[in-house]
Amino acid sequence: MTGPTRVSTRRSTRGSGEGSGPLRYPLLFAVVIISAFPVYWTFMIPSRTNDVVGQLPPPFLPGGHFFENAARVFDTVNFGKALMNSVIVAGSITLSTLLFCSLAGFAFAKLNFRGRNALLLVVVSTMMVPVQLGIIPLYIEMQELGWGNRLISVVLPTAVTAFGVVFMRQSVIQAVPDELLEAGRMDGCGTLRLYWHVALPALRPAMAVLGLLTFMQAWNDFMWPLIVLNAENPTVQVALSTLASGHYRDNTLVLAGTALGTIPVLVIFALFGRQIIGGIMEGAVKG
Amino acid sequence: GDDGGKTKLTINTFGVFGYTDLYREFEASHPDVEIVETVSEYNDHHNNLVNHLAAGSGAADVEAVDEGFIAQLKATPEQFVNLNDLGASDRESDYPAFKWSASLSADGRTQIGLGTDVGGLAMCYRTDLLEAAGLPSDPAAVSALWPTWDAYFKTGRDFAAKNTGVKFFDAGTNIYNAQIFQLDESYYATGTSDVIVGSNPKVKTAFDATAKAISDGLSAGLVAFEDEWVTAMKEGTFATITCPAWMQGYIKENAPETAGKWNIAEIPGGSGNWGGSWLTIPAQSDHKDLAYELVSFLTAPEQQTRIFKETGNFPSSVTSIKDSAVQSFTNPFFDDAPTGKIFGESAISLEPQYQGSKHGAIRQAMEHGIQRIEQENQAADKAFSESVDEAERAAR
Amino acid sequence: MSTIELRDVTLTYDDRPTLESLNLVVEDGEFLVLIGPSGSGKTTALRIVAGLLAPTAGQVLVGGRDVTDVPPADRDLAMVFQNYALYPNMTVRRNMEFALRLAKVDRAERDRRVTAAAEILGLTDLLDRRPKALSGGQRQRVAMGRAIVRQPRAFLMDEPLSNLDAKLRVRVRGEIARLQRSLGTTTLYVTHDQTEAMTMADRIAVLHDGRLQQLGTPDELFSHPANVFVATFIGSPPTNLVPGLLSESPGTGSLELRVGDQTVEVPAAIRAGLAAPTGTEVTIGVRPHDVQTEPPADPALIFDVEVDLIERLGTETLAHGAVPSGPPTSPETCRFTAALDPRTPVTSGGKLRLYAAVDRLHLFDSATGETLRRRALLAAA
Amino acid sequence: MTIATPAHPAETAAETAAAARETPRRRRKPHTTFRRIGRATVPYWLIAPFFVIFTAFGLFPMLYTAWISLTDRDMLRPGAAKFIGLGNYTDLFSDEFFWNAVGNTFLLMAMSSVPQLAFALILAHILNTRLRARTLFRMGVLLPNITSIVAVTIVFSQIFGRQFGLISWLLDTVGLDPINWQAGEWTSKIAIASMVIWRWTGYNALIYLGAMQAIPKEHFEAAAMDGASTWRQLWHITLPALRPTIAFTALISVIGQIQLFTEPLLFDNSPGSVSGGNSHQFQTLALLLYEESFRLHNFGYGSAIAWVMFLVTMALAAGAYFVTRGTSRLTGGSR
Amino acid sequence: MSTIELRDVTLTYDDRPTLESLNLVVEDGEFLVLIGPSGSGKTTALRIVAGLLAPTAGQVLVGGRDVTDVPPADRDLAMVFQNYALYPNMTVRRNMEFALRLAKVDRAERDRRVTAAAEILGLTDLLDRRPKALSGGQRQRVAMGRAIVRQPRAFLMDEPLSNLDAKLRVRVRGEIARLQRSLGTTTLYVTHDQTEAMTMADRIAVLHDGRLQQLGTPDELFSHPANVFVATFIGSPPTNLVPGLLSESPGTGSLELRVGDQTVEVPAAIRAGLAAPTGTEVTIGVRPHDVQTEPPADPALIFDVEVDLIERLGTETLAHGAVPSGPPTSPETCRFTAALDPRTPVTSGGKLRLYAAVDRLHLFDSATGETLRRRALLAAA
């Protein structure tokens, strides 16, 4: 001790996790690098020419060919339309999921009606249906309805999901206090107004989370769109499959398409990331 | 549907058929027709075709089918238009027998598709790598090295003894399949649905020979068509590769930097065919006649010749094969090898091989066995018997 | 403005009655406080009045009209919730005018009422803030404002102060009481804090285990608790309870009260007001403030307290300790607290002799816990 | 894999009770006014979209599949379906490929769920400290969830390449033999598990982080004053408090892993192969289902597999539900 | 047992000082209460002592040893948290012995200590329960038990009663005080409730905005507040503040106090104890309990209160209202509260004349807010 007024910079809670100590930053950086690596790769490879693909060690730094490869994507497939379709599909699925799931979640969480628990059980159990085998009957159904090769056949089946309903129900329980609803009822709200004026504003973080997850899933889904849509009217994933159809593996081309298809998602993630992370964590508080 | 008064004719293909210009020509001669082509990835294409057939709708008016799937699909001929009814029987004589029969239903009545190309077999090799091992590199001399598979494997052992750090061939499955493709009878007893994969001595011979070659260290142990196989092709870690006609394109486009280092010799053990496609018309098509017009236009000999020149897809029409343009064609990438001649002879002389409906699945089961030997050092006998079990289960 | 009446209201959860046959009238313009310990059913009763909960049996009348089947919004009551239940996404202004908007009150009128209420509550500068940006006291006022602008027939409030800290609670309780008086709106107010009840109420209803214990002015409840429960619940520190015996002296025929080894005679005036006890055993309630250190002129009980804790509040000093109880032969004691003048010399560990005038004692039947005061007198009080 | 929902099954009972509160049994006459009826049907209107869509596009295919599973049907010959009762199911139980797939599925489930949740916990523990650029790290760990499947396939095939993979290359540079990931019984599972772990660790970590932040800071401080190191705090404070969350994420992860499909499908990168390796060493139930139906066209058999998967999942979920409810009763409430 | 000393402790969050150069000694065995409004830095100070937070500058000494850099576990202090921070997954017994286990105390000794503590706290029957199954008061006692078994050098408590309801709080504060006295363990206790501070403390330290306002016995703080803040913070209802003027009478040379239109002379005895004010404006503090309705013998200020709210607590009656303040020409008023005998006749809306003896007034410099009492007297008090 050197003097009476020793100034120190220590100012930490000696509480949780402090002792993970000096290692935690390197560790976190490692985790983030591992997490981000495929995304980075998606953008790095298309910036090179095809001849570096498969080299060992692989090139880790980007080159200058991204736009060239991106242009090839647009030459090879109808990528503009694919992007457009994907935005429409993922956008409508997201919007309808948010709307219908929050409505149903609200009803299951806060309204009282005959058969509620039984119905909820039905909802929960539908989450456990393996999707792969419903495809043929579903396809037949879509054809019967005359929706083959139309975007609506991609949108409708996932327009509202059991997961979403359960998720929203949980969020309503946590984010919307009964007292607030009672206040609304005293103020003269009917059920729909309670939903709109009271519940919905409180559900924003949860909606951000569900919205992103739904959007991501809709955006990346390829099995079903591939069957029900064709390359004339593709989504991004269908178009990507076409990109991969050549004689040889043109990873720069495929990944250039993938990169282009990832950009909208990254933009959304960058815009709403903060909220989404908050929402995921909030949602778990009482998990 | 019809829109703008024009009939929309849809065609689904995979890979590179190279038809774009032909569509425009067809449209020019049929002013009220609009052709819409959808190209998908090989497996996606065939999976979708099956799904659409199973669902009873959604298939295109014309669907391309590859050799790997044709046996399975012709087993349900009712799903397709019998092209014989639309006049395809006239074309029979122009196709090599094996090509015509491969898409013919078991009862011989329904022809579900017209051939577009064939995959006559040859053996591609790296001249530089053979030379490095003290072997000849001239095609004639190389062909002379391996009139039979035994000779091929012996050459391989000589090659291996030189320890050049390079393996003799790429993957056991390619060698095994080439031998199977040359048989007159493989997994099914001709004309029946009897699976003889376990009892056919020729299958066992091919399997064992391949297994031995692997254990002699001739194989690079790659899995064909995987990314690493492509890498190996670039890096030159194997000297020879079973080479159906379309393989030229694979090599050229995946390993452009190896230009001039390749040449093409004959395949050991006589001719064979691997690959090639057909154009079919699903029974659900609303434009069967028009579709047939398109199919016969696209598969006409002169178009096949043209496509060969543009894309390298080897013609399946005898007329086209015998065309001097094909016969005299040489491939600069392969050191100006006379590829037209090599593949043409291989194709025309081939005897048909009967394939039952689960041929593809059985083939995959057998490939699993070869790969187990190659990748997991499984004993050949065990690999064979396990594969036969798997094959028989798949065919049940 | 309007009366609120509960008639035989019963509510049963899982066969356990939470409210049993509750009868209660809140008079027009009255400030009635419903008090009781946690779980006694206060919130339940309030929510039944609001219409947020339907009673199992019984009726609710507002302004004389049976509203038992009327939905909450149509009862024309405004409620202030414990945690205020402000809409977090709306500004203060929007919060206050929300009900008016739903009722399609026109814009000018809405503005007028909000401005007026904001004026009264000192919220004028905060109208554009959101609840998050307000302090606890300000939120409380917004909640009040939301109730006021509706100009409802009555206010219902459920522990509206319990989220405020001690200082603020004292201030805001004054504000609410003043406001209610100036508006004259009938108010049913729930709390478990007896100080709040005493200071704010016109009348207090004490609830315990779903049953009404006593209903009366703060003064009545304080001076004449109907039973032991009310005696200990109202008043702080709580009334001391000491066991005693009440018997007629065989000789004189006068009524004698025995506590420990002392016996005092119950003066005739008091005796006249007493109902006959069912037995001789009684519970004597002595308020901590009703003891003195000097012997009074009137007959008095003496308590010798062994003080073990002194709490000096500045304005008064609380002495806690044990007093002997039971017959002189047994060494039983019971806890006793006295509120003394801060200048009284008293030390922890010391002894303290205290006197409680007989007319200040509360006598309860120790079997039933009911007061021995005559019903008639109770009603008159 | 489905996405985790932060719903805890054990809560349902309590909430049901809470909801029942709104209308305790009433002894009065039933309401018959139109208004009441109108109001009473509102909840049904709110949940109707789900049930309509589910019935149309979920239930119908499911029931169709159930019917198919009772027939012997070739995918391409819908007309030639034969009703065989439970024949497919009895065949299934004597099919070694089925049992192999069951074994693989559960093994992969264990191999991916356990480390995934453990890593997630540790990651959350670290993220729960005072950090610079906190949001950045938190968003970073969520990146795998938004990465395109195509990119994942390509990257992982380059990492786990047999001879020229990144890992093999790294091993080579330190003089070790390359690992043939796809071929090995264990190596293939490790690789697939690591893909799953990669994809879901960050997401679970954020869920845990949320739950951790709900633990009162004072608990850690009390433990610190009692002399517990941070790892002891993790063990004595964090873990017990996170138990319901862990149970929930475990359940969701298990449900997801039963349906594990994409990762093993993509990992087998020899084109067109859906058999999960040469020895079916990583063929999961979902993959077997896919192979049977779409490759071998045994639609009936595939449907039977789908229903078995469904029933197994239901059984597991029900089991987990009762277990968590049971323990929560024993410990007096699950929160 | 041990002293605790804070030397020049400063803590700065984001350049805003939360504690500024705090100096404080808790004597061996003393019960020192740290009081202050929310956000004043009490918890911060306590956590610095505990070692959960490191000061920006300054030192912490326990038993004379500098422990500023010693980790919490090694300071040998036990802390009781506001929400008790009981480990929910451990039984009461495990909770209590957790620290001992970590310290590798052997089993027999652990059992002995836990049994003893449980005995003292009446927890013997609850040892196998989990915290969830305990009532608020019981949890509080377990938290105490956890502190006791460690036999630490001192207890640190952060608002340990704030989660209890009013009744229980009164009871438990008595229990804690009794326990501390019987164990004799040095205790630093944080609260924002002045009643708690007054009743429990040996000495009280008042904190405001991170600065120590006054340190003294409850009585000193109550009778001789060092500044306006302490005067209003200690005592309930808070001290009334009335502006006044202090000036030497030009004629007699005596000191005169002017409030509104009245002037009283400050007796020489009192005057002797006053420091000279920096100006003539003073703030006069009048405790609500220091007013009477009868004119006293001594010189007194008269307050004419326009009563607008009456709060009848039973034991006393609070009358709130406005008094004229400022010079007679201006109609300014300020709020005034009086605590009256419950029998005083007073009605809302009425007028009330109150007298406050001059020797009961607290005079503060209105510029600085500091008391005008001489330092020497302060120290001696």
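The chains carry the letters A, B, C, D and E, assigned in the order they are written, with residues numbered from 1 in each.
Convention: a residue touches a chain if its C-beta (ideal position, glycine included) is under 8 Å from a C-beta of that chain, and two chains touch if they have at least 3 such contacts.
Since the structure is predicted, the reported quantities are computational estimates derived from the model, not experimental observations.
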* Structure fact -> Taking each chain's centre as the mean of its CA atoms, the one lying farthest from the centre of chain C is chain B
* Asked: Which interface, named by its two chains, has the most contact pairs?
  -> A-D
* Measuring from the mean C-alpha position of chain B to the mean C-alpha position of chain C, what distance in angstrom results? -> 94
* Averaged-CA centre spacing for the pair chain C and chain A, given as whole angstrom -> 55
* Structure fact -> Averaging C-alpha coordinates per chain, one finds the centres of chain B and chain D separated by a number of Å equal to 40
* Would you pick out the residues of chain B that each touch at least 2 other chains? => 42, 47, 51, 54, 56, 227-228, 231
* Structure fact -> Residues of chain A that touch two or more other chains sit at 12-15, 54, 56, 135-136, 244
* Going through chain D residue by residue, note those that touch at least 2 other chains and give them in order. => 22-23, 39, 75, 158, 164, 221, 224, 237, 299
* **Interface residues, chain E side, partner chain C - complex** => 37-38, 165-167, 170, 173-174, 177-178, 181, 192-195, 198-200, 218-219, 222-223, 234-238, 287-289, 308-309, 311-315, 318, 320, 339, 348
* Structure fact -> Per the touch rule above, chain D residues touching chain B in the complex are 74-78, 97, 157-158, 161-165, 180, 182-184, 269-273, 275, 278-279, 294-297, 299
* For chain D, which residues count as touching chain A in their complex? -> 2-3, 5-8, 11-12, 15-16, 19-20, 22-23, 39-40, 42-44, 46-47, 49-51, 53-54, 56-58, 60-62, 64-65, 75, 123, 125-131, 135-152, 154-156, 158, 164, 166, 169, 198, 202-203, 206-214, 217, 220-221, 224, 229-231, 233-234, 237-238, 244-245, 248-249, 255, 259, 261, 286, 289-290, 293, 299, 302-303, 305-306, 309-310, 313-314, 317, 335
* Structure fact -> As the complex stands, chain D meets chain E at residues 216, 218-219, 221-228, 232, 236-237, 240-241, 243, 331-333
* Structure fact -> Per the touch rule above, chain B residues touching chain D in the complex are 42-43, 47, 50-51, 53-54, 56, 72-73, 75-76, 78-79, 221-228, 231-232, 358, 361, 364, 368-369, 371-372, 375-376, 386, 393-394
